[in-house]
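Sharing a structure, written as structure tokens. Questions coming.
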């Protein structure tokens, strides 16, 4: 039978405390409150809070300006920035902003480090989640490129629910083949054809309205200003004439439905 | 039979035979890749067995040897041992690295398709498989497996065969246990599956009418896909290449519409519609021509209407292209629109085939 | 049989009597108020972790579909007006500031100011949600514009009005809805409905969080009014504040992702 | 309850309490009722006592285990016959329809019944039994006691998570009553978004899982804070019992992984209600994305299920072998390591559906999980060496666990290996593998833990011999049921099949017989417990000679667990130097046993070790 001392040595390095932990342990203050580990009450200075708010607002302006600069650069100088530039700038600014909120408004800077650790672990888990999912779905074509493509762009189609019910109380469906986007076009065209009584007229009217809506939000969907994986594209926001001197198809006011 | 078989084998082979036993075929077909997969599996199996026996042996022996005796306590022994603990962390890791690389090699060889592979199109749908051959043929051959008739796909022996697979509705998985590999069949996205069937010189599961030897392999759907998931089987029949070529040419010869329709039924409709009056997910086709119908939306067709060939043809066509429009009362609205998967000739064939089912 | 009532300090909070911050004692299983505050705060941070990961799914869906269908996302993003998004960002940032300030005022026993700040925060949240629904969701979903919407002047007037002219209908503008509900006719990318699915899911769940946050802050406001919080006990205010800042934090990322980059 | 009411502990000190804050001390057992039936029920329904909440979880989990078990038996019975084609007169499965209240001669309908029953089995067992079994039931009861706290950090939140659990279960039951759900517990899209399109029951089932996730999050959060903030003085991180370590790791997993299933199920509900299309290839969405979302949660949740099982074994083996656990630190770090690595390996559920690159990376990472797991098994067996092993029922369960879990772990290797998984994925091999881990691991450990702590929880002993006999019946039944399924899997039997080709029939029948044996075993254990409650001998304070804090207090514990805050002076497994409380120094010759006994006598009602005076 070993003695305690021998055991004490035998298990040294193992964490179990055999002898009272007298040196580091004060029974009157078992959790070491007197040692300054407590981080509970932090009173932020008003100046700091205001400064942080101002910086946040400045960064908000900066991130919008960066996005607008891109359009401006393109429309005036025809400089097309690589797509990632805008993304990188916007996300960097967002990261700085969120860091400010975390550090000052949420007081992580002054708080118990465990809370920071919790948050960092969360971000780590998020990074894993995002990283591995992208690793898979972004690289389906590791061996064969045809595995990455879609058989029918926009989806196989489906039995679309029309929102009505028949007499038996069942949901009425209509069959969509292919993308719901193409289906929406088709439905609208058919509606116009019913209203105008003629398909050719409907097509013209459709094209006219399409020009209005396309132009108004600036997404032309074709031409040199289209985004792809590598290039960003300027756009104008909801107000077309902000960047564009002469909006087309804007003058005739009452063009739309209501005939 | 198995006892004879075992007595002629070493222990390792006997274990292998038992683990992968297929009725009438012994352990394995010798299709390409099977041997590699089996050998890594058996490697893991034997390592695991040794580790397991050692661990359990120690556990049982110590449990007995150090059983509690009154008035004694446990003897002193180290409560940890860094070298031992490191050893039993690192040594298994070495084995794991080996397993990973072996598995990786096998996996990649299962994915990279030989350039000379015969390319077949495979569509999985609730709840059947269909294969289109390079010449456009589809199999008319059926065999009863369990409760259902399943299609039989012919492939040539000893030639690489590739399926380009897609699903028409939900996810399925194409699994041929004899080939030791499976692949999910996804809707709206292509996946691939290839294998090189064995040479037919070991044994065969049967002989065709013309005396040709063949061997059958089951195909199962391994991804849960609904009611008849477990009936979603098929058979891959390995035949000599000459026979394969002759067969698919024969299938593709001009056939009369009724036969064409019957084949479409066998390939795409049989999982839900019977032709013998039996109940299933969808209405039976027996006597459909001339039978009155009432629909879930309250409307109905009279027997007179349904006896009119033109009216009937339009109704059947509508039911194929837009099945949700008129659903026969008492049946679920479950059928996918089949318009994109059938040619006009095939739809016509189905209509003619139904007319013959009195 | 002993019939000593089981009763402990932790259940004091459920009794009708208001426990002011001076009288407040930590729940009995905590050693003291500071320890309890630290514990509650750690718990809150863990809860915030779950919130971040809840949104991580939406960010992940955004990233994946953006990677797969960049054109659809560029198109979809172009329908959003950065000015509404930017305005809402500013609103939320200011509300975050007032929330942080209200904690400070409670700590300094300036209860009137604290209450005003809390109410202001709730107001900002309300404004955020109002803008979101009135100026962003409604026109895109249905084509009905609120009469103050500056975008309205750029579209042909279909002549249809509702609610006494408060809403104007623009034929063809609506239908930018998620998934199957999508019916906007003038879109050119076959995947555009997926953009709207991500947009409505992300901003909708975020707006729900704003509403929950407003409720929490109102609850805290009532308790401040009753004198339940003060320099030595302001746990509720602090926790509601953390929650509100997190909601702000999520929006700080949603804003550039949805409105600015394309 | 009446029979176990009102038994004051007689072991150590009944002197008046003088705890913190001068709280009101109820010296009676936490089980003592006050007043009549209504008052008792109200008292339990509104209790914030972690022990009562633990007991309520326990009863709910056992009830759900019963339902899940019945569903399992139904599934196994159905599989006695290879094919159920009513037109051929083989109608074994038809009774399943009547089990659900619908009879049919339609083979598709009959298959539907089968599919609903296996979904029921899976969903109940995963979401309502295994996940809450150890953490919520035993964890709630013992975590605070093991670290010397009066309660969990947030007692009312704890009660809330219990009610959230009940709400979730009600939604689950509602989905079943409305006709059942046939999606499988994994809810794979697009099947789950299109099946029974007009019905709300799938939404209810998904909502149930969503709500149960909330309960799980709140419980995990509560435990993390409890472990951080409420450890007794003197209990450093490495003085905690390993049960606490493993449940702590589990809680972190619950907090970090469960929200992702929250958003996944939320999107799935959107998908069903509005068809948003994110997961639906019919709308251009991606079903594989759903699998990533789902498994990012559901793989860590596998460890949420097994880590607590390991946690219990960590307690049982040292106590019943009276031996310091081998490699305490590596055990603690293995728990954390498993928790960490479990976030890196979810893709191994998708080797046949994901891209080649991700599959390769995930396969490599998966082998990493095997290392800490192997370390744990080696340590447990190492602990037995030179121990003083008593073959009590908990020890029998622990040894069973080692046997079954080792098989479960080793059969994970061919599933982590890419090429063999291409064959074994979604086959019965997988079914057998996870039953060996989840049932042979977690459930067996859970039942073992119940045997271990039963005297402490309810103050009654049970019949050891009967308990051991039924444990062995379970052992035999379990292996007969599931070992055959390994062979079925390698031979080519896919999972979730209502029917199968003839050549599998013999093995299926053996497996079914095994499941009946298993049912007998579990019923027997239940009988042992019921008998114990009704007529068991009164339990001593420390029946097994454990050193952790729960053995220093009465059986059953008083409402506030400890009469005064315990101070910890020795490790949880120092059997070679510390006399177990309540044990005779003559029988237990540790070096300083006499002095310790005297110290106990001095510290009349103190609860741990030798306090300084």
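A few notes on this one:
As written, the chain order gives the labels A, B, C and D, with residue 1 at the start of each chain.
Just so we're on the same page, contacts are C-beta pairs under 8 Å (C-beta built on N, C-alpha and C of every residue); 3 or more make two chains touch, one makes a residue touch a chain.
On a predicted model such as this, the values are computed, not experimentally measured, just so you know.
Shared contacts of subunit A and subunit C, meaning chains that touch the two of them, come down to D. The central chain here, found by comparing per-chain C-alpha centres with the mean of all protein C-alpha atoms, is D.
Distance from subunit B peaks, on a Cα-centroid basis, for C.
Of the two chain pairs examined here, B-D and A-D, it is B-D that is joined by more C-beta pairs in contact.
Note: centroid distance subunit C to subunit D, computed from Cα atoms, is 36 Å.
Taking the mean of the C-alpha atoms as each chain's centre, subunit A and subunit B sit 41 Å apart.
Contact with two or more other chains is made by residues 197, 228, 256-257, 260, 275, 277, 280-286, 288-289, 292-293, 324, 328-329, 356, 576, 589 of subunit D. Across the assembly, subunit B contributes 76, 79-80, 111, 187-189, 333 as residues in contact with two or more other chains. Shared contact sites, meaning residues of subunit A that touch two or more other chains, fall at 1-2, 7, 11, 14, 30-31, 114, 121-122, 125, 129, 133, 137, 143, 147, 150, 153-159, 161, 170, 179-180.
Annotation, chain-chain contacts: A-B, A-C, A-D, B-D, C-D (touch as defined at the top). Contact residues on subunit C toward subunit D in their complex (touch as defined above): 1-11, 25-31, 35, 38-40, 42-43, 46-47, 49-58, 60-61, 64-65, 68-69, 178-181, 190-191, 193-194, 197-198, 200-201, 205.
Here subunit A touches subunit C in the complex through residues 30-31, 33, 38-41, 43-44, 46, 49-50, 52-53, 56-57, 60, 63-64, 66-67, 83, 86-87, 90-91, 93-94, 97-98, 101-102, 104-106, 111-112, 114-115, 118-119, 121-123, 125-126, 129-130, 133-134, 137-138, 153-155, 158, 160-161, 178-182, 184-185, 187-189, 206, 209-210, 212-214, 216-219, 221-222, 226-229, 232-233, 235, 237-240, 247, 250, 252-258, going by the rule given at the top. Contact residues of subunit A toward subunit D in the complex are 1-4, 7, 11, 14-21, 25, 27, 30-31, 114, 121-122, 125, 128-129, 132-133, 135-137, 139-143, 147, 150, 153-159, 161, 170-171, 179-180. By the touch rule above, subunit D contacts subunit C in their complex via residues 5-6, 8, 20-21, 23-24, 26-28, 32, 34-35, 43, 48-49, 144, 149-157, 217, 220-222, 224-225, 228-230, 255-260, 262-264, 266-267, 270-271, 274-278, 280, 283-286, 289, 292-293, 559-560.
Taken together, the subunit A residues at the contact with subunit B in this complex read 1-2, 7, 10-11, 13-14, 143-144, 146-147, 149-152, 155-157, 159, 166-168, 170, 173-175, 177.
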